[in-house]
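Next up: the structures, one after another.
Note that chain A is present in both complexes that follow, paired respectively with chain B and with chain C.
== the complex of A and B ==
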């Protein structure tokens, strides 16, 4: 990541340009290339590509698939009715609330367990293998068991979300807590700081970037957990909305729910990254 | 005095080793005892003791159910991973090499990557059915993105000095790819492979559960329909073992190729 954008042009020029010096002063070259023809502008290129995707999708589906298979024109037609549908709005509410609730719980659980596992070697030896094992296991494999324990209820969904989301947080925080710079801890020892000041004043802040990195990873997993739980246990929510509508030949409506899920993930991750850049300005990777 | 110091250091090292072994032992023992005790004090449908689980696991192995399920699941896994690796590698190189394609499709790829893949399964089921190939495609879909993104990142970050040297020697396009770009990108690709191995396993279980219910996921579903908790736990154990094995393999190959990196 240390070299900024223009690499691919360098690759392209590698062969035709025999004399390296011609293309060396890159800023000049970039400045010369900046006022390119308007159709090379990123926004234009992206819009054209997007339209191309939609057209290909439309044509392929029209030509090959059955009438209920989703296509762009169909999706556009149902968007107004889906967005005003009461069931859809309440499904958005329940799923997204569950995901945020689960992420909050996972953050707390993950930070506490992660700090303990990372900082205390004895705890790491006892708990570490279980954390690794559960992290390596696809959580979806225990969902049938969880539905037996918690029934076909929203609680089951919340448990699945928390399980999915807390593991990356635990993993990242443990890594962060383990690699707290030794000099920081030596300073606390010199000042004879009490244990709670070491933990809350040094270890926790030093691990905070890792907490956020863990949450960033946890968002995608939390959404997967919510959808899987809704699929398996038929709990009302966006995932079940998708399943129900696909099964009753309303794929166009289901696609809208899928788009909402993707947008939610994008917005949440953007928020976390904003926090990382704005709030953690003091963070210097060692 | 120095000898005494040396001796106490040896003692300290030994003490640390004892304490480490004790820690792991306590960890395993606590897990085993907790599983056994909780199992003995809860109803059959909720949880069963470890001994019952292992007994059921033995039955599943000896009557061939487990072997069949493993073969079935990992056939889809293998084919799906193969598709993901090939498409991901070529797609990543293409994205890295052509700025036009990158600007054109990157936002849409990011959008698709953000969507929870499981939510696509009902559409695939309706579109393709539930046989072997649709299941492989689910695995490929889960595993594809990390390969694509890591390959792209690698090929895009290739050090200009390397290309300059190649240029000085009038390297032909083909040789440039074989001797510079491919070796440079390979470690990044392997990071993608490591991530893909784990995600593909999730896709495999999801495909087993939501498409035709056979393989390991099918075992879970039938067991849950009969409230056969022992069989569910045994299957979960097997899946976890597979996950740990895949993680170890992924770390191994990633570390092996990390030595090729020009600078860390």
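== the complex of A and C ==
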């Protein structure tokens, strides 16, 4: 029988693994008593996999490109100094604020446009093609233009984020609004409900799960938008922090910023899932 | 029962076509005050479309429907509908769903609460006021659907295969409960079903649709006393009426089987 966990006990390090769960030490003797149950536990397997990747990274870089590729140990070493760096903290603040603002605006715009596209065939005929086209288009290509129109300013970044994040929301909400069960609408008609009761009382709530699914997809795109805008327009923020540090041979510090971006995405998505479970208690995916 | 002057619902020469496809043609019948009319016919004969035309959800191609001598052009006041798939809003509790018709009429939640509670009790859902539809069985959901329809005190009640998505046992129970509730407040009622037994058990009269496009094959007077009970299905009269309707519907189905060129569609073997 193999003991893949054997390595994990010897190379265990104080590395926060991406999912951050379960890093309790597992003595090798435990394998003797309950070999199947504990090392097959998903948290253990995931932790081991993460540690293995770090080990391979460390070993390979150590052996080949030590002088110019960063190693996990190097990243860990700079964490305290990065996290206390004033510039880094203010960059986190501006980027994450912009992402949250952009997501909020994209949610509103995406929901309104999505409901109209989904429910009104005329609007769908007029806008459908453009929505599809813009959704498929790499927004990155528009960033240089936006810097001309909005300057090298945080506004340009916000516009990029909103553009990136609105489209998945529009796309999803339109689909949700289009497929509102016919019976729901017949119930409103038979009760002679006014238009606003149909839209706000039925079409919107029936589409809410799609709004949240759209936001879930929009989170990743919003982060891309923020980072790309900062890269191209040299706007202060986490993206620019990464670019600047890589250019000045501080890969370690860039990777810390990268981890912060990933953690932020994970936290936001977890929040969306929390809302789905807590607020949409009635929602049962078919 | 077949009065015309006092008829609550008057269907006159009603036809409906979607493009070239004629669904039904030239239907004429009445539903009197306090009468249940069952509509039966083979699958796909347009029973549901007929019902939707009567309440104004679908515009007929020609002919007319009048409720209370007023032509129906869109859904009218005092008409309630019970749907095959219940049509409960999943984001509303049972109480809020039952209150929906009253809410739309502008009745505040507080003002409608006693009436809503009364209806929830009537359909046997007490204790589930705050439950969401997904927490209820199909039978309980349809009870809520019925309570919502009754909440507006309709003078016309239409039911579109209300028990078709329920299991057989629940269906038997609900048929009798709907009859019990209806008997306590008789309204003009149209009842679409694909179950012939159900049509006979519920209806004062049965409109049999047949052919393609559907036309009225016959209107049968059931002539079984109310209140009707479980034992009604064992009576001689029930058997006679059921067999007559069965033969009428089946003849149509058989004709479709033996004349495949009659329409391009596969014949249905369901009743």
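We take it that the second predicted complex is superposed on the first by the 237 of 286 C-alpha atoms of A that agree within 3 Å, B and C clash if a C-alpha of one lies under 4 Å from a C-alpha of the other, contacts with A are read in each partner's own complex, and residues count from 1 in each chain.
Everything that follows uses one rule, which is that contacts are C-beta pairs under 8 Å (C-beta built on N, C-alpha and C of every residue); 3 or more make two chains touch, one makes a residue touch a chain.
The structure displayed is predicted, hence computed values, not measured ones.
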item	value
Touching partner for A:145 - first (chain B), second (chain C), both, neither	first
Which of chain B and chain C A:282 touches, first, second, both or neither	second
Which of chain B and chain C A:137 touches, first, second, both or neither	first
Chain B versus chain C as contact partner of A:205, first or second or both or neither	second
Of chain B and chain C, the chain that contacts the larger number of chain A residues	B
Contacts of A:77 with chain B and chain C, given as first, second, both or neither	neither
Residue ranges of chain B in contact with chain A within the complex	19-20, 23-24, 26-28, 30-31, 45-46, 96-100, 102-105, 107-108, 110-112, 114-123, 125-127, 153, 156-160, 163-164, 166-168, 170-173, 176, 181, 198, 201-202, 204-206, 209-210, 216-217, 220-221, 223-224, 227, 229, 232-233, 235-236, 239-240, 243-244, 246-247
Complex contacts: residues of chain C adjacent to chain A	52, 55, 57, 74-75, 77, 79-81, 83, 85-87, 89-92, 100-101, 104, 132-134, 152
For the chain A and chain B complex, residues of the former touching the latter	1-3, 7-12, 14-15, 17-18, 20, 40, 42, 45-46, 48-50, 53, 65, 68-70, 121-122, 124-130, 132-134, 136-138, 140-142, 144-145, 147-149, 220, 223-224, 226-228, 231-232, 238-239, 242-243, 246-247, 251, 254-255, 257-259, 261-263, 265-266, 269
In the complex, chain A residues that touch chain C	181, 183-184, 186-194, 197, 202, 205-206, 208, 280-284
